[in-house]
Each structure stands twice: as C-alpha cells, then as structure tokens.
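Attaching a single structure in structure tokens format; questions to follow.
For clarity, chains are labelled A, B, C and D in written order, and residue numbers in each chain start from 1.
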Amino acid sequence: MSDKAINRIAVLTSGGDAPGMNAAIRSVVRASGHFGKHVYGIYRGYDGMIKGSIKRIERHEVGNIIHRGGTILKTARSYEFFTPEGRQRAYETLKAHNIDACIVIGGNGTYTAAMIFSEEFDIPMIGIPGTIDNDIFGTDFTIGFDTALNTAIDAVDKIRDTADSHNRVFFIEVMGRHTGHIALHTGIGSGATGILIPENNVSIEELVDQLRKGVKRGKLFSLVIVAEGNKNGGAAKIAESVAEHLPELESKVSIIGHLQRGGAPSCHDRVLASRLGASAVTALLDGKTNKSVGIINDEIVFTEFSDAISADKSPKKSLIEMTNILS
Amino acid sequence: MSDKAINRIAVLTSGGDAPGMNAAIRSVVRASGHFGKHVYGIYRGYDGMIKGSIKRIERHEVGNIIHRGGTILKTARSYEFFTPEGRQRAYETLKAHNIDACIVIGGNGTYTAAMIFSEEFDIPMIGIPGTIDNDIFGTDFTIGFDTALNTAIDAVDKIRDTADSHNRVFFIEVMGRHTGHIALHTGIGSGATGILIPENNVSIEELVDQLRKGVKRGKLFSLVIVAEGNKNGGAAKIAESVAEHLPELESKVSIIGHLQRGGAPSCHDRVLASRLGASAVTALLDGKTNKSVGIINDEIVFTEFSDAISADKSPKKSLIEMTNILS
Amino acid sequence: MSDKAINRIAVLTSGGDAPGMNAAIRSVVRASGHFGKHVYGIYRGYDGMIKGSIKRIERHEVGNIIHRGGTILKTARSYEFFTPEGRQRAYETLKAHNIDACIVIGGNGTYTAAMIFSEEFDIPMIGIPGTIDNDIFGTDFTIGFDTALNTAIDAVDKIRDTADSHNRVFFIEVMGRHTGHIALHTGIGSGATGILIPENNVSIEELVDQLRKGVKRGKLFSLVIVAEGNKNGGAAKIAESVAEHLPELESKVSIIGHLQRGGAPSCHDRVLASRLGASAVTALLDGKTNKSVGIINDEIVFTEFSDAISADKSPKKSLIEMTNILS
Amino acid sequence: MSDKAINRIAVLTSGGDAPGMNAAIRSVVRASGHFGKHVYGIYRGYDGMIKGSIKRIERHEVGNIIHRGGTILKTARSYEFFTPEGRQRAYETLKAHNIDACIVIGGNGTYTAAMIFSEEFDIPMIGIPGTIDNDIFGTDFTIGFDTALNTAIDAVDKIRDTADSHNRVFFIEVMGRHTGHIALHTGIGSGATGILIPENNVSIEELVDQLRKGVKRGKLFSLVIVAEGNKNGGAAKIAESVAEHLPELESKVSIIGHLQRGGAPSCHDRVLASRLGASAVTALLDGKTNKSVGIINDEIVFTEFSDAISADKSPKKSLIEMTNILS
C-alpha cells in the first residue's frame, strides 16, 4: 500500500481501560497531524465502529489529556463485532467516513477482533498494546502495566503500615486472571513472603512453609501477594486454607481491585504510549498492516497480531526464582 | 494531684491503628522532655502493659517518625485487660517501672479500658483520640480521619477513571461499621450519586430512584459510596439488590479495605496529633485525669472518657441533606 | 431582594487558582439547578466579565470536575476592573446576559473588586473564599489551603529522605507573602527545627540558636521552613545568613514553588468547596449580598466583604508557641 | 578467586542518594544470608570506610526498608578517599573487620573511587548503579531514575493545573547537570512544548519559534522542561531570554529541586534494585570483581567500572527527535 492512500486514520480504545491510553491517543493525533493526516476518534471501541460513533479529533482536543487516566474515547467490549454482520456494519461505517486505516489500542480481545477484521476487509490495522496485564507478546511492556504496578505497590505500602502495627499476615489480591506479571512485580517490590501466580504453582503447603520460616526467623508481619488467576483461589480462600495450618496467625485479606486500572499514568507509561502512538502512525504510512507495535530492548518492533496474542509472554523464570532468595 | 508527682509518663497505642499515631507519640515524647519528664513506651497496647513490654523512649528515637503511618509502639486488642486480674497485672507493671501517669492513644475500646482502669487504680490517664472512624465525642476530628478520607478519595478517583471509560456504576465500600463519617465525606468529595451510611437510612428503592434520575439526566457513570455498617449490607449485596431493579446497568464492586488505615498522615492529622500529644502531657502535669483531650473550634478541650465514648458524634444533618442537592 | 428576582447566576474564579475551585463551581451549578436557576460561567475572572467571555454551564458539564485541580473557568488578574470604565463595561455585559447575581471565587483581590462593584451596581454578589493562603477572615479554612499543605508536606517528606541520608540542613521555602499559615502548618507537620513566618519574628540569631541546640542534642539533619514573606528574606538568603554563623553545617535550599497551587483537591477541600458553593446559591436566593460565605466551627456563616478582607486572620498564638516545645 | 574466600561482604552507599538504594541494600543482605554470608554496613560511604563506621547488618534489620526513600546507610562524598592515605586507612578498616569483598551503590563518583581502590588493594568490588541521573553505562536504567521521573512528572502535573488556569508558560527546571535523561522523559511525559537538554542543543531562538507556533495553533498554556546542564542556562535565565522575544507571554519559573531525590521508590526501581543487589552478591561469590552490575534487555550484565563511567549513555536520538512531532 502506498503512503498517499492514507489520509484519514481512525483510532479506538477497547477492552479494559489502562492508564496511558490517552497519551497514546494524543500521540496518534499529533503524529498524524505532523504528517498532514486527519484523525477520527471512534467511541466505545468496536461497538462505536458498528454504530457509527465517530468524529474528527482536532489536535487541540488532545492538548491536556496526556496525564489523565481512563480514555477519552471510552471503551467497551463488543459481542456484535464477533459476528460477520457486526463486522460488515463496522466496515460500512468506516467507509462512510472515508477512513483509510485504523489504530486499535487494547489487549488480547482487541487484537483478536482487529486480526479477524483485517483479514476480511481492506482496512489496514495497527494495534497498540494497552493493558495493565502486560500479557501481549512483542513488547517488553504494555501501556498501563507500570502504572498499575505503582498503584498496587502504593496500596500495599499502606497495608504494610497496618500489618506492621498489628503483627499480622495480609493476603493481598491483585489483578491478573491469566498472568502473574502484576503480582510478581508487586510481590518483589513489596518484599512479600509469598507470591502466588498462575506461573509458579506454589501450593498452600509451600506457602505455609514460607510463612513458618518467616515466623521462626522472627518476622513479625508478612505480606502474601496473589494473582487472581493463581491455582489456589482468591486471597480470601487462600487465607482460609493457610489458617487451617497456622491458626495462630492473625491474618487479614485485601483485594486491591479496580483502582489498579485508574490514576494518572506513570512517566514510563506516558513515554511508552507516546512512542507507540507515533510509531503506529508511521507504520501505517509505511504500508504496514495487521501488526502490533511494541518496544523491545528500546527499539520499535512489529509483531503479527496472531503472535502478539498467542506467543508466550510469561515472566522470566529467574525473576520468579529470585523471590525465594529475597523473601 | 500535684505536678511534681509526675515524672514518668507511659504512652501506648491500642485498637486499630490510625495515621498520625506516630506524630502523637513524638509530640508526647517531645513535650514531656520539654518539661523534664521521662517517657516510657508500652508496646502492643494494654497487652504490653500486662506483659511488661515497656521501655524508655529517648527524644531522638522519635526524630524521624512524624510522617510515618502505623505506630512504632505497635497496637493490639487485649481481652485479658478486660479481666480484673489482667488489670491488676498491668498496674503492677506500671508500678514496677515507677510510671506515674499514662497517655493512651486509640478509639472507643481504648477509652473504655482506660476508664475502667483509672477508676480502679490511682494512675492518672489521659486519652488521645486516634481512630480513622472519627467516632469519638469531644473533638471535631480524631487523628487519622483526614488521612483516611484522602486515601479513600484517591482510590475513588482512580476508580472514577475506569467507571468513566466504561460508563459503569461502581459500588464502593469504605470503612465505618457504626458510623458513616468516612463514607459521607468520601461520597460528597467524589460527587457520588448515592451515599449509604448507618445514619441516613437510604433504602435500595431510594438508591435505585437516584440512579434512575441520573441516567435520565444523561449521567454516563455513577459512583455509590457505602459504609460497611449501612443497613442494606455490603457493597456486593447492594449491587445485587440494585441489579434486580436496574438489570441494564453495568455495575462493579470495589472494597477499599485496610489500605484506609495506612499511609503517611496528612498535614492536618500531623498538626492535630502534635497539638493533642503536647496537650495530653500538659493536662497530666496540670493534674487532669480520666479525660480525653480534643480540639473543638480550634480550642483544646477535655471530655470525660464516659462522654467521649457514648455521647452522640453523628455527622451533621445538613451535611447529609446536602448530598441530595449536589449529586 | 426577593427570591424570584434571581434566575440567572454568574460564577467566576479570579486571582491565584486554588485546588477545590472546580468543586465549588460544580456545587454552584448543581445547587442552582436544584432550585431551578441557570448558571453562567464567566471566563478568566473579571477580565472575562468586562470582555463578555460568558456562557451557560449545563449541569452535565460539571459532572467530572470535582477532583480536578485548577479551574475550568480559568482565572486572571484584571487591572481594567479597577477602573470605573472597566466596571461599567462589566456591568453592561452582565445586563446583556440578563445576569441577576454573581458568585465570585477567590481571595483578597477578588473580594475587593466584588465589594467595589456591588457598591456601584445593583448586582448581588456573594464571595467564596478560594485561596491557598487561608488569609480570608470569616471562615476557618479557605478552599485550597488544606491541599496546599498536603502538597507542601509531601514535598518536604521527599526532601527529608535526602536530608536524612546526607545529614544536611534544608531551608525550604513555601508560599505565603503576607501570612504564614502554610509555613506554620507545614513546619509543625514536618517536625521542623525552625519555622520563619511573617507573624513570629524569629531572627537569624534565634534560628541559629535552635539549630545549634539541635546539633548538641545529636540531631543529624534539620528542616527549616520559611514563608516567602518572613522578615529575613527568602530561603536562599536565610541559608547564607545561617552559614555565616554555622559554616560547618552542610545546607541546601529548596523552593517548593507553584506546584503548591495545583493537584487534585484533598477530600477536606472538596467537601468545604461543595458546602460553600451550595450555601452561596441559597444565600443569593435568600436575598443576601456583598458577603463572603464561610464555615466557622462547622456552621455556615456570612461576613461582610470589608471584614473578610481586613479583619485579622493570623495563626493562633498557641500554635506558634507550640513549635518551641516540639522541635 | 574461589567462593569460599568470601564470608563477609561490606556494603555502602555513596554520592547523591537515590530512591531504591534501601531496596538494594536489603537485597544484598538477604541474598548474602541465603548463601550463608555475613553483611557489614559501612555508614556515610567511603568516609565511613576510612573512619571505621561499620557494623554487622542482620537480616531482620532490612525487614521494613524496601519502600523507603533515602539510604539507611547514609551517604556522603569523601575527598579523603581520593588520597592514597585515605584509601590506605580504608583498606585497614576493611581488614580489621575481616571484610572479604565490597558492594558499592552509587553513581560515577562512587564507581571511580571503587575502580581506583580495587586496582590498589585486593578487595573484590562490585558496583550497583544507584543514581537518579541514569548516566551509568552498562545498564538500561539506574536505580532511582524511574522514581525521579515520576516525582518530576507529578510536580509538573500540578504546575500544569495552574499553567492551564492562568494560560501561562512555565519554565520548569529538573535535575541533570551533565545528562538530559530526566528532562527528556519528563518533557515527553508532560507533553512539553520545549525540552532543553545538554544533548539536543536547542537554542533560545528555536525555543521561541516553538512557543510561537504553539500560540499560533491556539495553545493556551505551555510547559518548557529544562535540564540544569543545558547550554542556555537555568530556567530563570531561559525565561528571561524568551521574554525578550515574546514579551507578551505571561511566564513563570519553577525549579523542582531536591525533592526529585526522595520519596518511596517506584515498583520498577524496587524490582531493579532487588535484582541488582542479589546479582551483585552472586557475582562476588562467582569471583567477579571491579565490575558494575546492570540489566540490559532484561538480562543481568557486567561492565568494567571504566566503561560504566566513561562509555556513552546519551538518550536515544529517535527519542529526542520524536519531541518535535508530538509537542
């Protein structure tokens, strides 16, 4: 595809929101403007693409959003887009607005939808990885991950004060249904005694053993960080299971929850989003399509949607192993 | 009691920890030193008083704690202290260390214990209201309340980002088993559509009505703040009840939890704690006993423990009513 | 003046911005709507009143601003408004838009302008005290003061880390050209060794003496908080003067600066702003004019503009004296 | 060198403090304990090595420091260590305490000292890059850089509120005497109109041009981020120079200053510090010496001190160029 074919670029955010999405939108708008292209915002993700919620975004409209959590384009999950009729309608919307290419910001679901769509229709699509879960292959970090870590660690720091004052064990649940990135980093960053993630298979018995060792060493309070998707259940269930073995421990449960998705993005996420947004635009103008843009080892790289979704993005083994040394 | 009788002052924190307790401890130590008195720290509240966990605190030991959450003296709930034998042992500990007077920092339970003890034994006691719940009579604010509000509001601000991005209703539960101070202020401060507290008796039907009105006015997302102790159950239960009436609303639940107890105290709480700590010391030296120190209308006041515990400290009616105008 | 005369209320922010101004604007809009009145926003303060920068604000437009620093109405200082011609033009703008009453949010300058204007023209005016300086009489707290304290204290906490690590003395300048409220509270809240404010007249010699005593007691690092308007000059000048007496001290200077004006308002400031905004509206509807609304001892009170500007609002003496005991 | 030779490892922090140093110290202590080695803390950097300020650190002593800014070992710059006599005394201290190896945490000065020392004496030395400046070669990030960015961006976000409210240009100075890493990332992350760093050579004329373009495009407020070491002088001087060309702009200056060094470390910095601390220990046990440990592309790498100090660690050109597209 030649450069001159692309004059109008649409951008949307889809799936769970992540801090930094606005910085990415801003970057798409600014970079497009720099190259003389127009940007159209699609509201509420693919649902808005189907329903025609789309309007031009001028550069001044993104003038004060780089620091804001959430997404000015709103986000949603669209079931209709996973039907051929839905996608057909979406295509017609794009055509009706003379959209030449799309940039989609989101996670796995967003990418899957974009992949299917771009196989069926001749609208070039570039994906920007925006999800707090960091579970997209083809980039060291997804937009929002770093901010979510800082939000989680800040919450754990506060809980630490009360755990310390009461000599308690706290079981703290952070987001991560399929991956343990958030829990692993939060666990290391908070000096947790135990970290339970889908990838490390720590059993209740092993956790009890770690807590016992801590008590023996004179540890007065302990933090256990669990990912939603670890095999032993949520934090409340784990606390109960542990209590059967260690009834003398005074324990409490805390579920950090949705606040992990919000807040002003960290500097890291803003810079990452800015780089990915601008690179998505130049990629489209260079004729790329059906690819996720990412940064690996500080270099911009492109990955097929299919690989971005399915290739392994597990935490480093050495990082998981290190937790045994430090706790 | 004459001033010269008091040379050694013990200080303890008890019950739930609250941000600013360390600032109060520091102030007690510094003010005592100013008047040439020695301070002894009792660890883990009344439990430590019984078990003799007590040691001298030098002024430099409190040199870098004013900004720290939690309590360097640790805290606990002591059941033994509510037995005559427990209190007798506690008294003997104090005598063994030549303690002339005690300052206790905590909430209702702490005060009740102090009241009973000071009726039985000739150790003057002054209480400093330290609890995030703001449910002690005889002071406009308890230490920790202001910080807990800022922690809660910061969490709600983050949830707001994701609520806004997804056009969702969030049911957010904050602390407050018997009083709605935290929920009321957090609700007003976050512009909540609904606020459910023990004191306002809002029913599910009324809440549904408020949410409906919001939708009618074009409100795209809503926040509902609930105190633990409101009559309709926790946030999860309320969300379910609302869903029966408004199944079309996309809703989520978040329980802020224990992080409300931690974190660096706000400036307000540090100044409050500093004033109350110093005033507790001068009160003891002035011969006061069995009283809670507080600040009302910017003046130091003293209240009998019995009144501090039992007199009405409900939120202002006008504040509750205002929420109908603003939401 | 009767209630029915007032149908259109204008609102503006003027002078230095303060966190919580947006919460006050929101409250004015919501309360006005509740009573069936329309609100018009005037942009850039009195300058916009002169130039006709005015437009209707709908209730949904203030739906997501309660947590935002700054002011959506922008602010400015207007020299033209202090001329009779300027005020005449301003009046004509209001008449042209059928404005029946005005609510002005700001500090001393804002109030002075409102007082002059309301003496010349028959537009009822109510002032809401919005300034980080807390120097308006007739209210315990001005909007923004509490947030500025937390911003300053958070900055000082960070500086404390590096002061502690290096065993240094830090001279930290906070805002306050005419009043020491911010410096006094920040100083108490950070456990400062010295606090220099316009109201306490501490000399360099006395400060040197305090620092010397600290060193003698083994204090390894010290913080000195100075208000811009203290009599000894800015933090840099004070640091130099101290160095002449104590050349062995390793010292650094930090000027917190304009960041004290920004940031998300604290819960306290949002609740305060919400109460004052709603009360300003009901005051206008009750026929009040030429008054500042405030909260004293948790009750809404009204003060003549002239008193609000000129009556003494110095920090409590006892608070200033306490710093000698605690440092 | 064989593993069994190393039984006692000393650790120190030197130069400017950086958030995450404590997390690194903790990791050194924990990893050493894991391998059955003892750790000795040296206080106040090389100065303490000379003067014998050294004592055993038990593992529980680092149990609650991972989240604290500053350094529990204190830090200082030692001129004496740059004399042969000073180093000889330092060596004797180490020998007197039977220290077998040293881990030094700091920046360029720290590394230079370690390099000289390890060339003269047979004490293996490993360096951990701890400096907010990110100017050490051989690691993608130095400990403290990420936190400093978030501190700076948070300050700029607050200033943004007031810049936006007043339609002002703010000239904001961040740390960086020799490198522009902090300013560049802060500038991109805050959407700055201009970024002046030692590496990009932007002149006043070019900056004026950028500001003019912004005004022409309707930009109402602008942020200019300058590194201390840019060629045009500090923020105040630049503001003056700009004012000569654009006298109509209302501008303000803010110097973020020392608060950039403090505060709780970000999750990223804690994880980085934990990994580097543990790797420094295993490196020593593996017989490595005179090397800096770093992480490049998520892998632990070792670099000669001489390279770590002198090899080019400038910001990526593409990152600098991108700022022209996005501002």
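To be clear about the criterion, a residue touches a chain if its C-beta (ideal position, glycine included) is under 8 Å from a C-beta of that chain, and two chains touch if they have at least 3 such contacts.
Computed from a predicted structure; not experimentally measured.
Shared contacts of chain B and chain C, meaning chains that touch the two of them, come down to nothing at all.
Using the mean of the Cα atoms as each chain's centre, the chain most removed from chain C is A.
In this assembly, the C-alpha centroid of chain C lies 36 Å from the C-alpha centroid of chain D. Taking each chain's centre as the mean of its C-alpha atoms, chain B lies 39 Å from chain D.
Centroids of chain A and chain D (each the mean of its C-alpha atoms) stand 28 Å apart. Shown for chain C are the residues that touch two or more other chains, namely 157, 160, 164. Every pair of chains in contact is given here: A-B, A-D, B-C, C-D. Taken in their complex, chain A has these residues touching chain B: 13, 16-17, 19, 44, 68-71, 74-76, 151, 155, 157-162, 164-167, 170, 252, 254-263.
Residues 23, 26-27, 30-31, 34, 59-60, 63-64, 66-67, 140, 146, 149-150, 152-154, 157, 160, 164, 185-186, 188-191, 217-220, 264, 266-268, 270-271, 274-275, 278, 296-298, 316, 319, 322, 325-327 of chain C are the ones touching chain B in the complex.
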